[in-house]
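Structures for review follow.
Look for subunit A in each of the two complexes below; its partner is subunit B in the first and subunit C in the second.
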Partner chain A sequence: MHWLIAPGFFTSAPVHTALVLSAIAATVCAVVGVFTVLRGMAFAGHALTDVAATGGSGAVLVGASPLTGFLTGAVAGAGAVAVAGGRDARGRDVATGIVLSLATGLSALFLYLDATTSSATGVTQRVLFGSLFSADPSTVLPTLSVGLLALVVTGLTVRPLVLTSLSVELARARGIRVGLVNVVFLATMATAVGLSALVSGSLLSTALLIGPAVAAVRCTTRLSHALVVATALGVGCSWLGILLSYDSYNWMPNNQSLPVSFFVVVTVVLSYAICTWWGTRARRV
Partner chain B sequence: MINAWEVGTIVAIVAGVVGFLVVLRGDVFAAHAIPNGAFAGAAGASLVGLSPLLGLGLCSVTAALVISALRRHGQRDASTALVLVLTLASGAALLSQSTQLASSAYSLLFGEILGASATRVLPLLLLAVVVVGVVLLRWRAFVLSAVTPDLAMARGIHQGRLDASFLVVVALATTLTVPVVGALLVFSLMVGPAAAARLLVARPGRSLLVATATSLVVLWGALAAAYWTNWPVGFFVSVGSAGVYLIVRLITHSR
Partner chain C sequence: MQPEILSVEHLTVALRGRVILDDVSFVIRRGEFTGLIGSNGVGKTTLLRALLGLESPHSGVITIDGAPRGRSHAAIGYVPQKIALDADVPLRVRDFVALGLDAERWGLPRRTAAHRARVREVLEAVGATHLADQRLSALSGGEQQRVFIAHALVRRPAILLLDEPLANLDPRNVQEIVALLHRLAREHDVAILLSAHEMNALLPVMDRVIYLTGGHCASGPTNEVVQTDVLSALYGHHVDVVQVHGRVFVIAEPNEATDNLPEHPTLTVH
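Let's turn to the complex of A and B:
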């Protein structure tokens, strides 16, 4: 078994924390992600990850915990995206882009100040690309409660969410406040992004939000199936990513292990490719 | 510093011209994703000892072609997002393998005034001429297919091929811009000035000129500010372009 699972994997405390944190984040991301993909809001989701990066780098500057930074950043970003929103899809994309670019500029400044004021090295990598194995075990409880909150909100708003994703006019005719649904969903998405940033770093949290969801949408036809498949893929990919990253310590000649986020992204993209192939084959038969 | 001004001027003109079409065609997300592909290219090239410009070019053109192929099959934004995270993650994996690279990660992502002054002007100028040349030659097709896709189709313009060639133009423009403003902020310089110009001027030709002029002012200002404060160029570029857009939007809104 040693070629598959390097010794010490099951006894290592950082690995346990990593597995628990990533399972929570992946579940929330998969559920929220399916709606993100159905609503065609992948760009807004990605913009929130860049604002989460600003929050994360700001948190280092003031000495707050990374989770607080990521969540505050993403929620503030959701507010900015909601306020900036344009009239049509292109206008909305441009407005989202402006929020995104301002946030990235601020991260640039914060990371520069982090690097010049503190003696800690590798802040850029840690905030942007994640360092799951150094996560503090005490973040498990807040992560779990925030994750549950996001899932409950999604569960409560599931009908208006589906209806507004399918047809805005129909939803309006039914008396649903489309604008309100959108703002609530943006806030939920921000929470998911904040949690995911903890696992894979802020720049790569898009992977957990979009990847499993788009793979599930490609190979299923019903919403409930898509949600189950996305959750299974999300948790599976992030656990596999953690395992491979742990193993990679022994692969590299200089014992410099590859980051968790890299393996999570690679497995997510592979599962997307397989699901797409499977989905098109099933439709053809 | 004189070199930085020359390089900056070339970069700003290219970003303004290409950015105008990015905003007009609604390719904002793709224009954000392609520079991230470039990041992996630059990291890989410096790991094996190739010229970073070559790595940047190869990787961003590949990312552009993959994005344009994938997004024909629906879920346009989601497939772009996947290409983006895959390239970024590869960049991160490369960076984790070399401590020397890790220190250059920041300037690759956010730009550096040294990056601007160390770039050689001639290859950059040639690449810029190619990019602007292609845009001017195919100007009518790019604009027509963005504004009225049906009419463009009736004129016999192949949408898929045009889409791919436009993304390759974006990729080449990216290659020029990354060393100066950084992979994450190329996009700011392309989108902010162009979006502001679109709000101010309706005619495509004039709007293009306004976009290019604005991006020149933003980049010159950012270079000067970065030189004075020693803060990252990318920060000033993003604040400048977002600021211009916000001011213009407030003005046009109150009219």
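Let's turn to the complex of A and C:
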């Protein structure tokens, strides 16, 4: 069994923290991700991950927690996209591109200042690619609270979200305030991105937001099933990534673990490929 | 005579400073099939959007089932011109139709036995029972149109507005959808207002026509409106109305302004 699960995995406190944090982040990302895919907002989701990096690197600079930075950055980015993007998808894409450029520039500045003026080591690695095993256990409660809030908001808006995803015109005809739904969803998506950045770093957090969701919608025909499958894939891939990263300590000659984010992204991409194959096959039958 | 379900009086709508609808008036009664006819760009969609409360009139009054038009009205069912569905949308036909019951409400949907029975009933009414468990995005154009109609009907509206529902269908599907809507109007006592740029497919079933051009309209029973004198007055110049093998052709004189002309074959320019 040791070839599969290295000794100490179940008794390690950092592993416990990593498993809990990743489960929360993966669940929120999976649920929000399904609607991100339905609404064709994968680009906006990816851009928010870069804005989260700005927040994360800025937080380190001022001595705040990375979680606070990731969430603040992503939510501020979502607000900027909502304000500048107007009402149509094209305007939103243009605004997203501009916000993305500005955020990337600020990230470069903050990371440079972090590296040259901060006493903290490995900041760039931690912000961009994550460092789940060094996560502070005290972040579990705020992560859980923010994650639950995002899930409750998604649950409350689920019906208007679905209809606006299918047809904005039909939704408006039903009296749904489409602009309000868009803003609320952008804020929820930013929250999911901020949580995901904790697990896989800001650069790779799109993997948890988009990967399990798009895999799930490819192989299911019901929204409820897509949500369950996306959650199972997201949590499963995160936990498998943590396990493989933990095991990799014994694989490398210098006894250094490989990054969790690498394994999470690889397992997410594999699950996407399998689900796409499965879904295509099922539709042919 | 059936009671009025929709009354439009002296409606004027302007978009970005341009008058699209100018002093338009008509009534629609329960169970009537009404065609909203006009070429592309004459304001059919604007009129439907005004009826839906999505455009604010510059002047005029819209009354639905005896009450002034509000932002949202359960008495209206709507089928938009286009719903572009991604192939991966994980939504079954029965779930999409059920969404028509309460899509604007907050919170998780709780489907009761009565909800499920209503969905079954309306799917049966549009001849789509066999599609209930299929992925919505996997259906053909004609099948999707039936499902969109079911979605609009599930709340038992008194009037159903359809924006160019025949535009992308082949002739067989056009006939089937028109026959379906005619049957629904009769059996479910629902008024149908269907916009189209071509009226021939609707001639066998239309009780009433609203003929729109240049921002103005003529409305009434089809055989009274589609007449040379009525349409000539509406266009502001002479046009001929000719019937050939049960099809109607509206023919303009040579050298007349063509800005407001409907598309072939409703209007043929010689």
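The working rule: the second predicted complex is superposed on the first by the 279 of 285 C-alpha atoms of A that agree within 3 Å, B and C clash if a C-alpha of one lies under 4 Å from a C-alpha of the other, contacts with A are read in each partner's own complex, and residues count from 1 in each chain.
Note that in this section contacts are C-beta pairs under 8 Å (C-beta built on N, C-alpha and C of every residue); 3 or more make two chains touch, one makes a residue touch a chain.
If you're wondering where the values come from, they're calculated on a predicted model, not measured in any experiment.
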- Query: Taking subunit A as the common reference for superposition, should the pair subunit B and subunit C be classed as clashing or as fitting?
  - Reply: fit
- Using the superposition described at the top, determine whether subunit B or subunit C touches more residues of subunit A. B
- Query: Touching A:V214, do we find subunit B (first), subunit C (second), both, or neither?
  - Reply: both
- Between subunit B (first) and subunit C (second), which does A:G40 come into contact with in this model arrangement: first, second, both, or neither? both
- Message: Let me test your reading of the model: by the given contact rule, A:V269 touches which partner, first (subunit B), second (subunit C), both or neither?
- Response: first
- Query: In the superposed arrangement, does A:E169 touch subunit B (first), subunit C (second), both or neither?
  - Reply: second
- Given the touch rule stated above, what does A:R126 touch, subunit B (first), subunit C (second), both, or neither? neither
- Message: Rounded to whole Å, what minimum CA distance do you find between subunit B and subunit C in the overlaid structures?
- Response: 7
- Item | Residues of subunit A contacting subunit B in one complex and subunit C in the other | 37, 40, 214, 217-218
- Of all residues in subunit C, which touch subunit A in the complex? 52-54, 71-72, 76, 78, 80-81, 83, 85-86, 88-92, 95-96, 99, 102-109, 133-135, 138
- Query: What residues of subunit B sit close enough to touch subunit A in their complex?
  - Reply: 23, 26, 28-29, 32, 73, 75-82, 84-86, 88-90, 92-93, 95-97, 102, 105-106, 109-111, 182, 184-185, 187-188, 191-192, 195, 231-232, 234-239, 241-242, 245-246
- Can you list the subunit A residues touching subunit B in their complex? 37, 40-43, 45-46, 50, 89-90, 93-94, 96-98, 100-102, 104-109, 111-112, 115, 122, 124-125, 128-129, 201, 203-204, 206-207, 210-211, 213-214, 217-218, 252, 254, 256-259, 261-262, 264-266, 268-269, 272, 276
- Item | subunit C contact footprint on subunit A (complex, rising order) | 34, 37-38, 40, 155-160, 162-163, 165-167, 169-176, 214, 216-218, 220-223, 225-226, 283
